[in-house]
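For clarity, chains are labelled A, B and C in written order, and residue numbers in each chain start from 1.
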Amino acid sequence: MSTEAEEGGTVGGIDISDSVLIAGNAVALFLLPWVLIDVFGMVGEVIDIAVGGYSGLPSLIIIYGIVVIGYNLLLGYTGMLSFGHAAFFGTGAYVAGVVSGTTGSPLVMILAGTVVATLIAWPIGWISIRRTGVYFAVITLTFGQMLYFWALGPGAWLTNGDDGFSSVQTGQLLGTFELGAPVVGGIEFLSVYTWEYLMIATLAIVALWTANRILNSPYGLIFEALGQNQQRVSFVGLDVSRYKLMAFIISAVFAGAGGALFIIHESYIHPNTAYYWIQSGDFVIMTVLGGAGSLVGPVFGAFIFEYVANVISGVSLPVIGSIGSLWRIVLGGVFVVIIWAFPKGIYPGMRDAVIWIVDRVRNRGGEQG
Amino acid sequence: MSAVQELFSILLNGLQLGAIFALLGIGLTIILGTMNFLNLAHGALYLIGAYAGMLTMRVVTLRTGILQDYGFTELGLGWGFLAALVIVPTIGFIVGVLMERYVAKPFYKRPHTDQLLVTFGLALVVEELVKQVIGGNTFQSTSPDTLFGLQVSGPIQLPIVGAFPRWRLIIILIAFIVIGLTWLFMEKTDWGMIVKAGTLDSEMVSLLGIRIGRSYALVFGLGAALAAFAGLIGATFETVRPQIGTQRALVPAFLVLVVGGAGSIRGAIVGGVILGTVLAGFQQTFSQWGQIAMYALVALVLVVRPQGVFGSVEVEE
Amino acid sequence: MSLLQTTDLVKQFGGLTAVDGVSLSIERGTVQAIIGPNGAGKTTFINCVSGLLDPTSGSVQFNGDDITGQDPHEIVQQGISKSFQTASIFPRMSVAENVQIAAFGAEHGSFRFNFLKRRESYDAVQETTERMLRSVDLWDDRNIQAQNLPYGDKRRLEIAIALASEPELLFMDEPTAGMSPEETRQTVDLIENLQEELGLTIVLVEHDMEVIFRVSDKIAVLHRGSIIANAAPEEIRGDEQVQEAYLGGAEI
């Protein structure tokens, strides 16, 4: 037996590390709205710049977080750069929206959106994975754009075209809980903790747990191997296409679920937010910004991206004035610098920096002693 | 409109769209072929060309943006199309050389995905800068009335096709002259041969003692000048907005690249014309399906002929 | 019956015939060397057998089954494994993980993999990994990132990866290329051990004649895509045709 096998003990069928992971993330997700709205809000009052989040922002961050957790399995591990994941995000959203006309159950909407997104990922992935590198990026972009122009034109009977889809009728969660209502009523401090937030946060934990398990299963090992030496993978007897397709489809499941949550949260979607290739590009930015190849890094990236897009864009600075839509320049610039200087992304970059500093300090201490 | 008439009209429109696609594709493909560098900011060069062209040709009224905030209401030289024909490619060339030096060079040894990512970021930055400085609004297209005393505006009666915008014919003419010159340059001059040899085997070329580094800057400049020129042409018949770089130029350039094959100028020309014709054909018949048909064609090529119509080398990861 | 049998194997690239009608039969449990000058078609031949290239014509039979034109992963699953000329490893994974992947690959029915099951809980895989790492003497280095190994160790790690696929036949493409004399000696010992202990059939492409003549049972000489001799080492040593073709008359 290897030592690795001995390290992982289990309690009641769930690994200790799993329960730690779940608990840790649950705490983080519980604190997110409080930090974002109250703490940042207080800071904002002190420095007299509005840097506090608003009540819908935590949900939005987590929704994109779910998408990029999945996307990262593809980009961060197998190294396949897809510029077409909006195809699955958008499909999840439109399907959930259309389904809401029949049944408003949020869980049914999410399920339907995810399933259909997964189903279209199968043929798209099957064709796309035949090509590698740039060609893979272009072919995925091609499929995304086909759906974009479909949603704008021929598919308008379903998507409402350029006017956007707004006939979303989300009902109560499990037939009893109003999504917009706070879980605990009457307390001002807890008013941002709505049933919707609870639902989205719970799904985010499920997403993190699932991704973590996938990464720790043989699949995770193979995905990582594919990103490093594809030829060797096939020369140990593993069918490369099969595992690439699996990585592609798994990432689409997350994107589809994220899309369904998005329409529940926003009650509106336009082809530009659903399918346009810049949306796919945003997923890439979030993932790389936060740190492709680490489990929670991309979520961190989603946080930065959405925070900059929604809060910093509203900030008014003394000399420069309103930042407004300058946010994309700031973000684009930061992105370029990150790729240039920290190819691994902010999260692993910070981790490396901390390790480096600690080593430095320790070595210096050694010299003096 | 008879079927034959329709067909010829589609071919003419296809040539016109295809010429622009080809100009974009040639730039992208020689940069990829020579330096093995993938430039997602290629659309930004088109954007720069379109704005530079518009501002050279005429004086525009600013409605939003930083310049307008500071009291500038009008911007532009108003020197006309012929001046733009000289100025715009020059600007493109300079921007290209700078880009090679400061953006591409540090990334030659990095994976293609990193190159895609960094130039994608750059493309967004350029688009936003234009939006912030000159304004996010849409400007009308500008085309000249006369060139060298000849009328170039209004419709012209063509055999079979009937009335056709005269300026569009001129565009086809000018674009294919530039494409032809580029072709001659690459095929018939020593320098073009070096670049072509570099696309096939850059190591060999440097072993022969040719300073490949300098040609890199020139190739990048040439590719950028062609993209800027495409932008200038675009600005004479389409509205100009900050989004045209990513919407109208970048994606078609990549489609041309994969259809034509990486590193092949001939492929870029043929690929551009094929895609332009397909797009024009569908736009005139089943307009809603135009873009979808074009993308479907590209997907088909990628699956059945991965190296592109004329490509011999496939680009690796 | 021989373990591997190629019949009239031909591979053409455009007008160039790299492998020209090679019929070779390799007996179970032997070490078969393939030698020849550069460009003789050795690597192309191996690539045709291991599935990296599809032969233009001819057939490859393994254990009596026709495996011509199958994909590499299918051929590996049949029991043919390969170590590459340049150490083909997973550079940013640990030494143990490198071998684990191959051990998972050997669990043929890959469809049985459960997305959510931890890889530590596959006992057979862990066991294979440990056995293979011990056999190439890398067990103590199992937690090191593979790219940080010295070159000789990388080559041995690659052999461990190839072994973890539990092959019956192992292709080794210049296993001692770029190694120090000490590393070469270790590798030769390793090859001899593998053959004796595991009963492995080994096909060896090598330039180091000392290594060849020491470990081989049979040596096939490839010249311009064809086999001009295939016999025991002592016979090859005295074969004039071989000397003529291979070294332009120089003494081997």
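Keep in mind that, in the parts below, a contact is a pair of C-beta atoms (placed from the backbone, for glycine too) under 8 Å apart; a residue touches a chain by one contact, two chains touch by 3 or more.
Just so you know, these numbers come straight off a predicted model, no measurement behind them.
Set against the Cα centre of chain B, the chain with the most distant centre is C. Of all chains shown, A has the CA centroid lying nearest to the centroid of every protein CA atom. Centroids of chain A and chain C (each the mean of its C-alpha atoms) stand 43 Å apart.
Distance between chain B and chain C, defined via averaged C-alpha coordinates, is recorded as 50 Å. Distance between chain A and chain B, defined via averaged C-alpha coordinates, is recorded as 34 Å. Of all the residues in chain C, the ones that touch chain A in their complex are 50, 52, 71-73, 76-77, 81-82, 84, 88-93, 96-97, 100-102, 104-106, 108, 110, 113-123, 125-127, 129-130, 142, 161-162, 164-165.
Interface residues of chain A facing chain C in the complex, by the touch rule stated above, are 1-2, 4-5, 7-8, 15, 210, 213-214, 216-222, 224-225, 228-229, 231-240, 242, 250.
Those residues of chain B that touch chain A in the complex are listed here as 38, 106, 110, 112-114, 116-118, 120-122, 124-125, 127-129, 131-132, 136, 246, 251, 254-255, 257-258, 287-292, 295-296, 298-299, 302-303, 306, 314-317. For chain A in complex with chain B, the touching residues are 79, 81, 127, 130-135, 137-139, 141-143, 145-146, 149-150, 153-154, 277-278, 281, 284-285, 288, 325-326, 328-329, 331-333, 335-336, 339-340, 343.
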